[in-house]
Amino acid sequence: MALSGFVLVGFVFVHMAGNLQMFAGAEAINTYAYQLKALPWFVLWGSRLFLLVAVVVHAWTAAKICAENRASRPTTNDVEVTKKSGWASLNMGLTGSILFAFIVFHILHFTTQTVFPEYKELTTHVPASDGAEVHDVYLMVLSSFGVEWLSAVYVLCMFLLCRHLTHGVSSMFQSLGLRQESWRSKLDSLATLYGWVIFFGFISIPLAVILQKHGAVEVFDKVAFDQVVPAAVSSSIPEAPTQ
Amino acid sequence: MKLQLKIWRQDGSEDPGQFEMHDLNGVSEDCSFLEMLDLLNEQLLENGKEPVSFDHDCREGICGTCSLTINGLPHGPEDSTTTCQLHMRKFRDGETITIEPFRAKAFPVVRDLVVDRSPFDKIIQAGGYVSVRTGSAPDGNAIPIAKQDADLAMDAAACIGCGACVAACKNASAMLFTSAKAGHLNLLPQGQAEKDQRVLNMVAAMDEAGFGNCRNYGECSAACPKDISLDFIAKLNRDYSVASVKKILS
Amino acid sequence: MILDAKIPAGTLSEKWDNHRFSMKLVNPANKRKYRIIVVGSGLAGGSAAATLGELGYNVNCFCYQDSPRRAHSIAAQGGINGSKNYQNDGDSIHRLFYDTVKGGDFRSREANVYRLAQVSGNIIDQCVAQGVPFAREYGGLLANRSFGGAQVSRTFYARGQTGQQLLLGAYSSLSRQIASGQVKMHNRHEMLDVVVVNGHAKGIITRNLITGAIESWSADAVILATGGYGNAYFLSTNATGCNVTAAFRAHKRGAGFANPCYTQIHPTCIPVSGDHQSKLTLMSESLRNDGRVWVPKDPADCNKSPDQIPEEARDYYLERKYPSFGNLAPRDISSRSAKEACDNGLGVGPGGRGVYLDFSDAIDRFGESMIRERYGNLFQMYERITGENAYSRPMRIYPAIHYTMGGLWVDYNLMSTLPGCFVLGEANFSDHGANRLGASALMQGLSDGYFVIPYTVANYLAEEGAGAPDPDGPIFKEAIDQVRERVAGYLSSGGKRSSRSYHKELGHIMWEFAGMARNASGLQKAIGLIQDLKEDFSQNLTVPGKGEHLNAELERASRTEDFLDFGELLCRDALERDESCGGHFREEHQTAEGEAVRDDENFSHAAVWEHNGQGKEPTRHKEDLHFENVKLAVRSYK
């Protein structure tokens, strides 16, 4: 549990750092995406498999532990109160399950583009690709987060991830036997901080897109933005993104 | 004081059990919680009813016999306090108090509020000892032990084996108990020879008894009348990992 | 009844060595053929069962608690004595021996006490090796503190939880033997009778407290380590479950009961707060190292807040009366002084039954943090129980029944007058005379269990040969039937009064007439009152529920009946011992200053009572005590 969690904790940070290149412009993020995909197949698929195994192990052990725990405490108290544990630690199963569903959706959404096949048609060129056509991640992201409900889903899920990490990171140290009273509180603060860093890191993108859509800020390339995100005033009902 | 008591009654481990309501008047604030139950039982006897069974013995917070989940909290609302040392001045006049047994699959109810905590004995039997024959000990001062190590071992050894940690845990995990017991011996030079075997066997016994898994809620330590630290769980995890790896490699 | 103490020949220091050599051994291969029953799992019983199991005997161990780890030895706070002389302050085996004999007011058996002092060092070593986390100095060596009745620092301790740590040590050894199958542990089993076959104890009858099953167990020897009888007083520092039943049942089957009137009253307990009280809580005697005991000089000040009473209006009576020992005067003396102060109308707190134990000087001298480090858990406990903060206001304390020096009579081998029935720990009478010194009970329990019984029981077994009788034989059947009848009797009693109310009333009688101070007319009155109470008990008791499940009322009824019978015996013994000694203070025998006056000419003996059948007067026998190595003197702590 802790070991698979450790892999995933590390992964979300790298993922977030990668995503933040959205703010560095289309070329940065598209080059980054291209380079990732251009990795030798065994590295790319090896990493993907590794992550998949981590997710599956994490989810499977969680399910097993939940089942065992339910069996260990078949009767609940008439009065259920807690002295110390908060919502985050008591609802790891709930947040974990939602996040699992989210990961599936997220892969279908951005990786395989099954949800919105039209993303496949967004292509561009980057210097690193030597003239070959590459997928335009920049436009895909802008286009997606231009849809309010989709952004809302992502923000909500990132909030759940934040709560999941707050307990998970601190718990991971405990389970691996790396926690001590003297720095427990610091570690807990670190875990909380980590959760919020991940949260704000991830949501900064949908947030910026929505704000720009409503004219509050201008962080993304205006031309590209207007190309994929319809103006806010014109559509009160969210629409599927169109090319 | 005047109290309304909502008490769990259960005839035996097979009986489903249910709550019963009782009114109790004239309770002194200086009464301990168990003395309040004594009073209730005297009242029940007078009315020709069967008294409520509950576990108690030393009534000074050290034997670990008393249990009870009071208003949802094992040993009641006071920190670092066993039920027998909880006094009625901590409750409001006219309050309704819910009293339940410690609930865990590994602690089946024997009767009313009495549960069977013998799985704790099984955990100790699996390795919670130093194998030293009577009479074979070297001089007490032969092995110096740094004061801070002895003090830390004593922190762990303070566990009274009451089972509140299990009752407080939503998963009925016995990690705090097991870690305190293993930690106490593993911290001392006398416990080193059997350290790896000890943690592996004690954890196996704990799992076999049907206790749940630790999810690091921290409720156990918060409920512990002796303030056993979560550090010992971290230490148990560490010792267990090392012992497991060593076992695989050997 | 023949009282042969079987004290080995030789000089005091050679007796135990000589005896160990002359005793018979059991061949290692034959040990498994012997079955031994151990009743009780405290320091004495737990250590005995563990050690005997380790030696290869087949051991069955019984306790009434839900786990052997909960025996009341666990509640001992202060420490355990050991004559290690680690402090280089002049301690020795002989000094520990002398202090113990003197502390016991010259009413104990020299040879036993010397052996206790001899093995005291081994106990410390054994416990350290088991992983008992004794307090350490910064250099890593064992720390010591001083305790009442001694002028050397020989007390080893583990915070305020020494008894707990030592018991957990014994329990861990016992657990190891249970896991190996050498010891079979029977939790929640109460011993209700001893079975005697051809004059030897060969088994016991128990009631399973969960199922109510009444069962018989046979063995080659029966070891009782069932603790003391302090709960005869209802309010004591004992656990609520502590009882005299096992010892008293053995007494009825032929084991002589020695010196039941020797009860120890501990000076530093939290005073009674009301009629609801079910037990009294001890505050470790170690508090007297830093606390000063006082009462107001003027009765008019008793209701004032202590900080309103100026220094010159306070009477630090222990320091005044016993300048060399001061607040560390032995328990019996401190207790009696507190009673005297309260009897003179100088007591403080509810009902005027309390004296102050004041830490303000120590806090001024060492700072609050140091006091907190030393006694934090005790102050916390005091606050929980009384709701008062002892850092800012002196504690109120009052004496309470704590320990009982009397018990089943045993010879040097710890065997009672019932052959094959051995008695260890507080349940026997052997080592503390008329008063026990602090930190000596743990020492005695472990000495008996780890280092004495393994040798002496072997001698008995080797002499008798293996052959535990059939537990289903006619003698066992008869004993089972008697126990069943008794249990059925309680359940069919159709009265109105709860056994608790009888126990409480007995406690009041005992405390009033056989408490800290006793006199002939009071004791006679007490005997009459107890007899009336017994009569009432047989008529008006009520026990609800069935016998086939957990039934606390049934357990209490059985224990209360034995306490009633025993209480009468205690008063009888106190009446017959027409002298003051140790914990037994007869008002007729005191100096003008109120100090105890012994009568060595007529009472330098252990009084041993023989049971002659229900309703018949018991017979008092004597074991004369011979003091060859200490000079009988007036015990002075001035």
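Just a few scattered comments:
Going in written order, the chains are labelled A, B and C, and every chain counts its residues from 1.
As a convention for this text, a contact is a pair of C-beta atoms (placed from the backbone, for glycine too) under 8 Å apart; a residue touches a chain by one contact, two chains touch by 3 or more.
Predicted model only: the values in this text are computed from it and were never measured.
Set against the Cα centre of subunit B, the chain with the most distant centre is A. Remark: the per-chain Cα centre closest to the mean position of all protein Cα atoms belongs to B. Counting C-beta pairs in contact across A-B and across B-C gives the higher total for B-C.
With centres taken as mean Cα positions, subunit C sits 67 Å from subunit A. In this assembly, the C-alpha centroid of subunit A lies 41 Å from the C-alpha centroid of subunit B. Subunit B and subunit C have Cα centroids lying 27 Å from one another. Of all residues in subunit C, those touching subunit B in their complex are 47, 50-51, 54, 65-70, 72, 74-75, 82, 84, 86, 121-122, 124-131, 133-142, 156, 158-159, 161, 163-165, 168, 171-173, 175-176, 178-179, 185, 187, 210, 237, 239-241, 273-274, 276-279, 281-282, 380-381, 384-387, 450-451, 454, 496, 498, 500-501, 542, 544-545, 549-553. Against subunit B, in their complex, subunit A makes its touches with residues 65, 68-69, 71-85, 89-90, 92, 167, 170-171, 173-181, 184.
Remark: subunit B residues 6, 8, 19, 69, 71-73, 98, 100, 103-106, 168-173, 210-219, 221-223, 229-231, 233-241 touch subunit A in the complex.
Chain contact summary for the complex, subunit B toward subunit C: residues 11-12, 27-28, 30-32, 34-36, 38-39, 42, 45-46, 48-51, 53, 55-65, 78, 80-81, 85-87, 89, 110-111, 114, 116-118, 120-121, 124-126, 128-141, 143-147, 150-151, 153-154, 157-158, 160-161, 184-185, 188, 190-191.
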